[in-house]
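Dumping the structure here so I can ask a few things about it.
To keep things simple, chains are lettered A, B, C and D as they appear, and every chain counts its residues starting from 1.
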Amino acid sequence: MKSLNVAIVGISGYTGLELLRILTQHPVFNLRYVTSRKEAGKKIYEMYPELYNTRYGDLEIMNLELDLIKDECHLVFLAVPHGVSMDIVPKLLDSKIKIIDLSADFRLKSKEVYEDWYGLEHKSEELLKRSVYGLIEIYREKIKNADLVANPGCYPTSVILGLYPLLKEDLLYDNTVIIDSKSGTTGAGRTPKVTTLFCEVYDDFKPYNLKKHRHTPEIEQELSIIARKEIKVSFNPHLLPIDRGILSSMYVRLNAPLSEEKLHRLYLKYYSNEKWIRVLPPNVLPRLKGVRGTMFCDISVVVDTRTNITKIITAIDNLCRGASGQAVANANLMMNLEEDMGLEDLALVP
Amino acid sequence: MKSLNVAIVGISGYTGLELLRILTQHPVFNLRYVTSRKEAGKKIYEMYPELYNTRYGDLEIMNLELDLIKDECHLVFLAVPHGVSMDIVPKLLDSKIKIIDLSADFRLKSKEVYEDWYGLEHKSEELLKRSVYGLIEIYREKIKNADLVANPGCYPTSVILGLYPLLKEDLLYDNTVIIDSKSGTTGAGRTPKVTTLFCEVYDDFKPYNLKKHRHTPEIEQELSIIARKEIKVSFNPHLLPIDRGILSSMYVRLNAPLSEEKLHRLYLKYYSNEKWIRVLPPNVLPRLKGVRGTMFCDISVVVDTRTNITKIITAIDNLCRGASGQAVANANLMMNLEEDMGLEDLALVP
Amino acid sequence: MKSLNVAIVGISGYTGLELLRILTQHPVFNLRYVTSRKEAGKKIYEMYPELYNTRYGDLEIMNLELDLIKDECHLVFLAVPHGVSMDIVPKLLDSKIKIIDLSADFRLKSKEVYEDWYGLEHKSEELLKRSVYGLIEIYREKIKNADLVANPGCYPTSVILGLYPLLKEDLLYDNTVIIDSKSGTTGAGRTPKVTTLFCEVYDDFKPYNLKKHRHTPEIEQELSIIARKEIKVSFNPHLLPIDRGILSSMYVRLNAPLSEEKLHRLYLKYYSNEKWIRVLPPNVLPRLKGVRGTMFCDISVVVDTRTNITKIITAIDNLCRGASGQAVANANLMMNLEEDMGLEDLALVP
Amino acid sequence: MKSLNVAIVGISGYTGLELLRILTQHPVFNLRYVTSRKEAGKKIYEMYPELYNTRYGDLEIMNLELDLIKDECHLVFLAVPHGVSMDIVPKLLDSKIKIIDLSADFRLKSKEVYEDWYGLEHKSEELLKRSVYGLIEIYREKIKNADLVANPGCYPTSVILGLYPLLKEDLLYDNTVIIDSKSGTTGAGRTPKVTTLFCEVYDDFKPYNLKKHRHTPEIEQELSIIARKEIKVSFNPHLLPIDRGILSSMYVRLNAPLSEEKLHRLYLKYYSNEKWIRVLPPNVLPRLKGVRGTMFCDISVVVDTRTNITKIITAIDNLCRGASGQAVANANLMMNLEEDMGLEDLALVP
C-alpha cells in the first residue's frame, strides 16, 4: 500500500513517545517530521535511547515549521499542551492536511465551559463546532469525514465507554453518577515536578483534584449528548503507583431492577461487534495488566441485589487507548485505512 | 515498670509478623511464647531473618500448648485463621488470661450472619455477646474491662472511623453507603497462591469480590449500631500493587447541605482529642505513605457543591492500625497501660 | 503463506503464557494444541482472562496426547519443568515433528554435569549430542537443520552474548569471569511459594544462590566452546522487584589495554548485522525498560582506564529474548521462515 | 534528661526529611530551628503533610540565620548540597556549636581530589584535616571529641563496613576491588528532573555513572587508610526501582584461601560487639527490606571454592544508616549520649 506522510508536533511528552512507538509498527504511515522546541537538532534515539536502531531512531527532531508540514504531510498529530493547539490549528486548517489534536483545546463545544475549567481564553471558538470528538465506537462515521479530530481525554474514554449503553437506553434513576477512577502516573506528564518524582509516587496511593478536575466537563458534555439530557458526574481521580492504566468504577442506581444477565446482554448488544471493547464474561473483572499497551477497553457489569447498586467497571491503557493509540485509530479512519492498522498488540502479561 | 508476659498464637502470617515487630519495641510486654504448627522448633530468626540479633530473634517457636500459655501469660494474641479461634477461645476463657482475637470469629454478634458470610458453623455462639469489638475510639471503656476482644477487620476500621461522626449526628440522606476501598496485598495473607504471586500483582490494579466480601456484614453491623438504624453498604474492594495500606472513599448524600468548613468542624468535635485520628486540614488529602507502619487514621472530608456528593476519604496501614497495632493498643487498654505504649512510630516517608 | 500447525506442551507457566502472546501475533504458525495437566478442559481465556476475545482465547486446553501432536503438528514447544522434557522428547523424535525444548534437559552436553547440577538422572544421554543450543546469533546455521533445539536459559543468553566477541578474539587476561546479574521475578516461575509472593519481593532487592546456580555450567560450557579453552564464571544472581528483565554486568581484565573506542568497534564487527543485538553508542547504558517485551539484547562496553577493569553490560527481557521469543525465533529458523517473523515488537516505554 | 537544642539547615531534601522523622522520636534533642530558602514561612506540615499533628508539624521553617543557630543550639545538621557547606561551616566553627555536615564538602582529606571529582574550588582547605569522618564503628572515639563531623556518603558506608575486616587483616590479593552497588532512588535527591520521574524509574533497572562517580575517591581514601596502602575500586552503581536501600557486592580474591567458616569468624571478631552490624549466619543473605528505616548494616561473606572468588555483600538503608540516621548517631556521640538513642527502629517487613 502507498505510504502516507505524517508528522508529530511535540514529542517530548509521553503521548508523543507513545505515538513514536505505535507509528514504528504502522505499515502505511511514514513519519516525516517530528518537532520539539527543546530537543530540536537531536536525533530521536538521543532523546529516547530505547529507539536506537529502530525505524525512526535516526530521524532528526525539528523546530516547528508549519509550512513544511502542510506541504509534505497528509496528517499531523498535535501532542502539545492545552492552549498551544488552539494557536496551531487555525494555521493548518486552510490546507489539505488532516489534524488530530491530542490536547483538550477542541474537545469542549462551549467556549465558556472551556475557559471556566481551563482558565484560558479560547481563541478559536469557531472551530469548536467543526472538530469531531474522536471516540471511535460512538463517532466513527463522523471521524471518517473530519479534518479536525479532538482526541478524547484518557479518563473520559474510560467513563463514556462504560456508561454508553446505560445512557442510550435511558436506564439511570439518577442524573448524577459517582465515578471513582484510578490512573497510572504517565497521565501526569513528563514535565519534572516534585509531586511526580519516583520517591513521591512509589509505594503510595492517593486521591487528587477531588473538587475540580478538568476532565469533568468533557465527561458531562459527552454523557449528556448520549443521554439527551443533562448528566452530572462526581468525578474522583486517584494516582496509582504504576505507569500506565486507568480503572474507572461507576456506581449507579437504575430506574428499574435489571438482572446482571440482562445487563450483560444489553452491553453485548452495543459492543459485540466492537473488536476493542471486551464485555467480560460474568464473574471476570477487569485488571489493568490485561489492557496494558493495547486498545482494549475491558468492561464488567456487576449487579448487587442486596443494595440495588449497579457497578460498571472499565479498564484501559491511558497512553494507548486513552491517547496515542486512539489517535492512530482516528488517523486510520480519517485516511480510509483499516481502523486497527498498526494497533494489534496484545498486553504484556506479566 | 513490671513486665507482663504475652503470647502470640500463630506467627506464620503477616499479622503475626507485625505483632513481632511491634512487641520488640514494647517496654512492658514480654513475649513469652510464640507458636506455629508448621515452624515449631525453629528460632524466630530462622523464619524471619530480618529479626536476627533483635530482641526475640532467638526465641524458639513452639507447638500450641494452651496450658503453658494460660499459666504463664497475662494476655494472648490469636493470629490464626477464621474458624480456628472459636476452638481455642473457650479453652482459655476460664482462666485469668486476657484474649485478643485477630480473626473474625468473634466480631459478628449474630451466629446466623457469621455462618452465612463465612460458610462455617459457629461453635461458640454464647461468646459472641461477651466479646468486645476492639475499635479503640468507639469502645475504649468497654475494652478496658473486656477479657475477650475481637480485633476489628482492616477494611471495617477504615470505613467505620470515617463515617462515625456522620452517623452519630444522623446526617445521611440515604441508608446505603457506596464505599470504594483499595488495599495493599498484605491483606491477602501469606499463604502461597498464584493470585498473590509477585508477577500477578505487580504493575496491576483490579477490583475483587465485588459481590460478596466478608467484611461487609462487619461494617454494616457496626455502622447500624452507631446510627441506631439499619445501614447498608455497597462495599467494593480493590487490590493495590503495594504491600501495606488501605484507602477508603465513602460517597454519601447528606440530608441537608453542609459546608465543608462545618463538616470539618464536626469531625474535629469527635476526633480532636484522638491522637491517632488526624482530620486533615482543608485541601490536604490522605495518602497511604503518610500512615505506613503507624496507628494513624487520616481523614479528609470533601464537599462537592456542584453535585451535592460528600466524600469521606480515610487512609490507614492495614497491618498496623488495621490489625496488629490495633491489637497492641487493645492489649495496652486491657492491661491498664498507656494506650499508645510501643506504638509511637512515624511513617517512613519516602 | 501456508500456515503451519504448532503445539505448546505446558501452558501453566510464564514461558507458556509468553508463547501464547507471541503466537497470537504470528502470521504463519497456527496454534493447534495446548496442554496442561492441571487446567485440561478449560478454555485458554478461563485460565488467562486477558486473552478473552483474542485469537486463541477459546482454544481448549488438553491433556498431553503425544500421538495427536505428532500427527497434526509441524513443531512443538515444550514448556515443561526440567526432568519432564527428557521423558517426552524420545517419544517425539522418531516422527517428523521438530522440537524446541525450553527446559534445561538438553542444554548441557555432559550427562555428568547435568546430574551434578540438577540432581536428576538423565535418561536420554544419547540425545545430548544431537540437540542444538538455540542461541541464534551463534548457532544460526545449525539451528536451521536441527530437529531438536535446546532453548537457552535466560541468564546464559544475557551473559554469552555479552562475552562472545571478547572470547572469540581471545582477549581475556583471566579465565574466570565475575558476573553480577539481576533478574525480574518471572524467572522464578508461576508455582506458588512464599518466597515469590508479592509481599516478599516488592520493595526489596537481594542476591540468591550465590554458591550454586544451575545456569553456571550452561554458561561455562558455552563460553568454553567459544573460547576454545576452559572458562569459569563466578555467577551471582539477584532478584529484582519487577516482573521482566535481566541485566548482567561482566567485569573482566583484558590481556592488553584496549580503548573503549576500539572495543566498541570490535563489538560492532560481530554484531552490526544482527538486528536484535544493539551495541549502544558510547555513553549510553542499557536499561531493562528498553528491551521489555522484545528480542533485543542491548550491550554496552565500558573501559575504566583508572583501574583497567573492562565492563560489559547486557540487558534482555528474560521471558521474551531469554525464553519464549527466542524459542519462536528458533522455530522460524527451523521452519525456514524469516527469523524475526512475529517478533517485531518494540518495548513499551514507559 | 535535659533536652539539647539542635537545628537542621536545609530540610527540602530527603536527608532533611529523614532527620525530621528521626528527631521526632528522639528523647533528648529538641529541634529548635529548621531552615529552607524556598519554603521559609511555611509550617513543616504544610511542606510534609504526613507530619501533621506530630511533634514538629507546626514548627515554622526559617531562612538561614547563623547567629540565631549559634546562640541557641548545641548542634547543627547541615543537609545542604555539596559546595554550600564549605561556606557555612567556617562561620559556625568559631562558636561552641557542634556541626554535622551531611554533604561531601569535608569528607575528602585532599583539596585536589575534591576539586577533581566535584568540579568545585574548595574554599576551606584548612578544615579538611580538622573534620572527622563519621563512620561510627571505625572512628567512634574521634567522633566523641569532634566539633565537625563529615557524615559519610551512602555508598561508601555500605562498602567500607563490608571490607573493613579484610583490609585490617591485609587479606586482599589484589589492590583493586570490584564493587557492584545498587541503590534506591532517594539517593538521587528531591530536585525535580526527568530522569528521576516516577515513570522513568519504575519497572526499570539500570547502571549509571560507570566511569566516574563521586563516591569513588571517598571509598578509596578510607579503604587506603584502613589498609595502610593504596586501594583502588572499580565502583559500579545501579538505580533500583525502590525508594530506599543500598546493596553492595564486593568481589575479591584473597592472598590465601580462607574457608567461609573462618572468614565468618573473622568478621564476628570485628563486629560481634557492634549492635548495628549484623554478620548474618551462614547461608542467610542480606535483603534490602531487612534494613529499611534502620541503622543496620547486614553483611554476608560467601566463599566460592570453585572459582576462589570471595564475595562480601552488604545491605543498608541509604537514607537512615547511609545519611540521616548515621548523622543522629554521630550527634549522640558528640553530645555524650547513648549512641543508639532515638534509633531503635526495626525494619517494616513486609
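Convention: contacts are C-beta pairs under 8 Å (C-beta built on N, C-alpha and C of every residue); 3 or more make two chains touch, one makes a residue touch a chain.
Predicted, not measured: the structure shown is a model, and the values here were computed from it.
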(request) Could you tell me which chains make contact with chain B and chain C both? (result) A, D
(request) Tell me, please, which chain's centre (mean of its C-alpha atoms) is farthest from the centre of chain D? (result) A
(message) Centroid of chain A to centroid of chain D, CA atoms only: how many Å?
(response) 45
(request) Report the inter-chain centroid distance for chain C and chain D in whole angstrom, where each centroid is the mean of the CA atoms. (result) 39
(request) Compute the distance, rounded to whole Å, between the mean C-alpha positions of chain B and chain D. (result) 36
(message) Can you pull out the residues of chain D that are in contact with at least two other chains?
(response) 14, 186, 199-200, 202-203, 241-243, 287, 289, 292, 350
(message) With touch defined as at the start, can you tell me which chain A residues reach chain D in the complex?
(response) 14, 185-186, 190, 192-194, 196-203, 241-243
(message) Applying the document's contact rule, which stretches of chain B touch chain D when the two form their complex?
(response) 14, 17, 21, 24-25, 45, 48-54, 186, 203, 243-244, 278, 280-281, 284, 287, 289-293, 344-350
(message) Under the definition above, what is the set of chain D residues touching chain C in their complex?
(response) 176, 178, 180, 182, 199-200, 202-208, 210-211, 232-234, 236, 238, 240-243, 245, 247, 249, 251, 285-289, 292, 302, 304, 306-309, 311, 313, 315, 350
